[in-house]
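Next up, some structures in structure tokens.
Both complexes below contain chain A, partnered by chain B and then by chain C.
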Partner chain A sequence: MDAILLQILNGLDKGSAYALIALGLTLIFGTLGVVNFAHGALFMIGAFCAVTLQRILNLSYEVVDATQTDFLGNPLKVKVPYVEAWFGPEMGGSIIDWSVPLAILFAIPVMIFVGFAMERGLIKHFYKRPHADQILVTFGLAIVLQEVVKYFYGANPIPTGAPEAFRGSFDFGVLLGFDPNAIIYPYWRLIYFGFAAVIIGGVFSFLQFTTFGMVVRAGMADRETVGLLGINIDKRFTFMFGLAAAVAGLAGVMYAPINSPNYHMGMDFLVLSFVVVVVGGMGSLPGAVAAGFLLGILESFASMNEIKSIIPGIDQIIIYVVAIIILLTRPRGLMGRKGVMED
Partner chain B sequence: MSKMDVTRRGVLKTGAVAGGGLMLPTYLRAAGHEGFTNAPTGSTVTLGFNVPQTGPYADEGADELRAYELAVEHLNGGGDGGMLPTFSSKALEGNGILGKKVEYVTGDTQTKSDAARASAKSMIEKDGAVMITGGSSSGVAIAVQGLCQEAGVIFMAGLTHSNDTTGKDKKANGFRHFFNGYMSGAALAPVLADVYGNDRKAYHLTADYTWGWTQQESIAAATEALGWETVNNVLTPLAATDFSSYIAPVLNSGADVLVLNHYGGNMVNSLTNAVQFGLRDKTINNKNFEIVVPLFSRLMARGAGENIKGILGSTNWHWSLQDEGSKAFVKSFGTKYGFPPSQAAHTCYVQTILYADAVARAGSFNPCAVAEALEGFEFDGLGNGPTLYRAEDHQCFKDVLVVRGKENPTSEFDLLEVVQVTPRAQVEYAPDHPMFAGGALGTCNPGA
Partner chain C sequence: MFGLNKKDTSLLLVVAALTLFAPFILNPFPTDSGLAQFNAGYPDLMQRFVIFGIFAVGFNILFGLTGYLSFGHAAFLGVGSYSAVWMFKLLSMNVIPAIILSVIVAGLFALLIGFVSLRRSGIYFSILTLAFAQMSFNLAYSVLTPITNGETGLQLTLDDPRILGVSATADGSIPVTSLFGLEMRSTYEMAVGGWNFQFSAGYYLCAIIMLVSFYIAVRIFRSPFGLMLRAVKCNQNRMRYTGLNTRPYTLAAFVISGMYAGLAGGLMASMDPLAGAERMQWTASGEVVLMTILGGAGTLIGPVLGAGFIKYFENIFSKINDNVLHQWFSWLPDGIEDFVVFIIHPFIGKGWHLTLGILFMLVVIYLPGGLVEGGQRISRLFKKNKSSDDGAAAKTTPAE
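What follows is the complex of A and B.
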């Protein structure tokens, strides 16, 4: 029982990342009809927003410490962050420690700008082209973006820690009456799950309870009729692209302490997130979220030793096996609508 | 007076044959000239540096390339000579190799076996490389080593730690300076027993490919011999990025040590995940829970950040060593590039010097003569103490370093501290050791 609960918990944070990326993918597909394979790159850029802010906060001047030597035997140049010099070691240290949460504020405008630039600069020229063309150009864009990031940040993962206060793990086992250490779960992953829930809730509320969201939903259902009513739906859809980019970016920012960001992390998530969208049903926002959590949890279960001993290698293919089963039994996915990508 | 029967057809035939001969590509003629592949005929000799320039190990590849460029500079008489003055062999004179200026070409392995073989093949066939060296992965090293054996050139392996490289997949044309999984286990296990005690239960997470398997087998055997129990070994996919689902069950397994048989991005992520789960803060079986990373790399340690602090592992070489060879190399590399070299850079530099020295001692670039010069070669002054290139399997035997993540680093390069220099005798094994069985060195192939 404790092992099952443990894997459900594990699946939640992985599912959160899948759900957030898939939500953005579905938003873009539902509004603009574009299959955006560069969406994983937006997740990666978000994580590198956290890295960038961390580096900005760590900008330093050098002080020569004559009591120590560097690797060449010269007096050691010790780096002192400007933030610590300005605000004092304690306050400055705290600001640096909280660089990831602070990066949320930094990432929102950056990601909206990146989203707008991507949509206006490239993707809008492919609206009327076949889906295959859209996939090719956005996949190419993803490769270009990851190579640009690698050029500036290198190929190695870059440690981007969570604030000191959120390191360590919570013992659910004791809370639920199991043995100590039976079900432990890192604080930051709990925060990630909570953060994902807030973002997903926020996006749904925005679409459900605002006039802007209502128009967007109407446009998703019948773009032509909304246009005939004199509403500039294209402008609103462009905004939605920016919003989807921001969602992916924020997912990336908060993911940075879970796994050290590297230039390839977008690709690692992209294919799985695309499978999540297909399983959830193309164009269905609730479907994307539900499928994200479902596949995240199933992936966690598949990596249990007990299951791997019965079906070796199942942890690597479980998502695709489930996708095949669901698409065979429900060709439109879990919550797919009739007519989407069927013409 | 003799009569000459010169016909139009005869002239055309003779001209065609002569022209065809002249038009033969230079490398083919060179290949056949001295009876071995790519025999250098001009005033230069070309070496092929096959390193990951793209992909996940690109930073490690870049450091390897820096070391190769430095080695070429020193071989050609440039710079401060690096390790040449400290090297016990004095066959090299700083005038290239056998008087031929050293030039080089580079290839990109992408850390993929097929890409690495393709780039090595191209360097041999198109660029006339007489020796191939490099790599940051055992899978790549084994693939390229096989290709070099077929092509008839020497392969001087870069960073490859799998037992198989000089075990079941060893080749007569291949040579490894870097240490291996067995040596890591033999060096690390006694230190682990000293620091953590003999009564420990270990849980292994192992990268699911040749290096991971041999590394796990070696560490498990070495620790079990000292009283540890291996409670579980879980194979993890090489492509895995989040190890939480593999780490979560560890505490509930009864284990009090987690051994991460991971390298590169796998190591960074699995260690980060393990620390996130608070494993190191737990007490299991009335003992502090510990994490061990058998193969450390400074470049990878940077990715793990603070998580590396206090964690024990092993390494082939470290820039803080104070022998004359290491100091000379660090000074030379650090002055040129502004930071200390990695262990990958060190082994690649040393392999280039060792190859050049073997050619000089053999008096020939013929791979079979070079192999003969390297086999059984004893040397010193290259940073690892007295070293033997064993003839039976082409594996270098030398001291191995046990290191620990430094608690108070003074810079971004000062991440590891040397805990113990394990003497060579402690990490030696018989050529027919079961962990290295299953293959044969074969005979040297000169190609052509």
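What follows is the complex of A and C.
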């Protein structure tokens, strides 16, 4: 029992990342009808927002500290971050420590801007072109974004730590009455899951309970009629693109402590997220979220040693196998609407 | 000639001339001149030109004719490489059985994947092929390590049980790949004046195979079968309504293009007997898509041009560094020179992929027909200048 629970928990953090990226992909596909291969790059840019903010906060100047000496007896030069100089060592230190959560605030405007720029500058011109062209141009864009990031940040993964307070693990099993040390779970992963749940809830309630969201949903169902009612649906869809970019970016920001950001992390997640979207059903938001968590958890179950000893290598391919089975037996995915991209 | 019409025959002859005289054409600068780094006439690079040419021509049979965008074609190339290396390990160092086996294995693999993937079309097809390719890639890295040798890649060793031939040569090294005794790496060098031309046996084998496969591709394009595939691209539903089952046709195209990829993989292993899983990764599949689109999908010569273009500039751009740039722009005033070098710097050397990405986006946005359409537009421009009333007749739709 505790082993099963542990695997479910393990699957949650990856599942959250899949769900968030797939949610953004589906938002873009459902509103604009564009297949965005550059969405993984947005996830990656989000993670690098965290890296950037950490670097900005660590900008420092050197002071000569008379009280300390190096091994030659000269006064030691100590680097003092500007933040510590301005806010005092204690406050400044904790700001630096909390750079990843703070990066959320930094990433939202950046990502919305990137999303707007992408939609207005490039994708706008591809609404009328075939899906193959959309795939190709966003694939090119993904290469470009990836290489730009590689140019500025190098090819190596950059460790970006979580705040000190959340670095350890805790004994999750004890809370549920299991033996101690049965289920050890890192704090940050639990936070990631909670964060993903909040974001997903936020997006859904935004679409469900606001007038803006209602119009967007109407536009997803029947774009022409909404346009005929005198509503500028294009403008709202552009905003939804920005929102989808921000969701992917935030998923990336919070993922930075789990996996050190490197320039190709977006591509790695993109392939899987596409599979997730297809399993969930093209254009279905609940489907994308459900499939994200489902596949994340399945993947973690498949990596259990007991299962691997029965079917070796299943952990590497389980997601693809599920996707192939779903695509062949239930073409519109788990929760896809009838008639949306069914052939 | 060869059952082709006049236009296709001349196209074939042009391609034949280009490939057979490539050691001269690609070597226009004397060895000791400053421009010698733009020479591409050495065997390794020329082999890559033609091998990727084969790969792209095969991909074009699927994508160019039927419009099915496969994002997993590298899997077939990888499978071909592995089977060729196994043939070297187990049977003999002769390249012929290796190449034949790699084509057959890749064809069977394509039959399997195509049978499943072709049940869906459009983006679903792309994702299915992508999923299959990633699956093979992951398996090659993990469980299939006894067959693929995992991360290290499959290599020849000194104790391979080779049935025809020896495990190790007399001086204790691994034997080299050959064609009935003609070593693939043997190169004849011809020095003329300042030029140094290299004629490699391996290159000419690849070139001849490439010409044969190009000829087959031309025949497929012009055959009733090719016409059927084009019809599928135009409107598959209408084809179905006329009572025709399109699946066998698309499956045949998929298998043929998989066999081309296997052939390319087998040749790659014949030139350099090792195979790694990274050849199957989806970025490798993306590369052949880039080549085909850049050259011009659906045209005969396009993929070959695209493959040559990408491989040439990959090689050249990667070689240029800041010192070379400073040399070029030394005629500019100092400050401006540094600035120009600073601007160009991200696009050269390791930044080649950035240049490629930008180039690819520009082509998709402005020139969906690729380099071939670009050439057509330019030639049309000249024609228009000659006689303006000819313009209406020359307005053909770009190749579908």
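The rule is short, and it goes like this: the second predicted complex is superposed on the first by the 325 of 343 C-alpha atoms of A that agree within 3 Å, B and C clash if a C-alpha of one lies under 4 Å from a C-alpha of the other, contacts with A are read in each partner's own complex, and residues count from 1 in each chain.
In this section, a residue touches a chain if its C-beta (ideal position, glycine included) is under 8 Å from a C-beta of that chain, and two chains touch if they have at least 3 such contacts.
Please read all numbers here as calculations on a predicted model, not as lab measurements.
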Can A:I324 be said to touch chain B (first), chain C (second), both, or neither?
second
Of the two partner chains, chain B (first) and chain C (second), which one does A:L334 touch, if any: first, second, both, or neither?
neither
Under the stated touch criterion, which partner chain does A:G154 make contact with: chain B (first), chain C (second), both, or neither?
first
Between chain B and chain C, whom does A:I307 touch in the aligned arrangement: first, second, both, or neither?
neither
Is chain A touched at more residues by chain B or by chain C?
B
Between chain B and chain C, whom does A:V215 touch in the aligned arrangement: first, second, both, or neither?
neither
According to the stated criteria, A:I104 is in contact with first (chain B), second (chain C), both, or neither; which is it?
neither
A:I143 in the overlay: touching chain B, chain C, both, or neither? Say first, second, both or neither.
second
Return first, second, both or neither, reflecting whether A:Q316 touches chain B, chain C, both chains, or no partner chain.
both
Footprint overlap on chain A, comparing chain B with chain C:
316
Which of the residues in chain A end up touching chain B in this complex?
2-3, 6-7, 9-11, 13-14, 68, 70-72, 76, 78, 150, 154-159, 161, 167-169, 179, 181-182, 184-186, 188-189, 257-260, 262, 264-265, 268, 299-300, 303-305, 308, 315-316
Mind listing the chain B positions that touch chain A in their complex?
54-59, 232, 234, 237, 239, 241-242, 244-246, 248-249, 251-252, 265, 268-269, 272-273, 275-278, 281-282, 284, 299-300, 302-307, 319-320, 330-331, 334-335, 339-340, 410-411, 413-414
Chain A residues touching chain C in their complex are 35, 122, 125, 131-133, 135-137, 139-144, 146-148, 151, 267, 271, 274-275, 278, 282, 312-313, 316-317, 320-321, 323-324, 327-328, 331, 341, 343
Listed in rising order, chain C residues that touch chain A in their complex are 67, 69, 116, 119-124, 126-128, 130-132, 134-135, 138-139, 141-144, 282-283, 286, 289, 293, 346, 351, 353-354, 356-358, 360-361, 364-365, 368
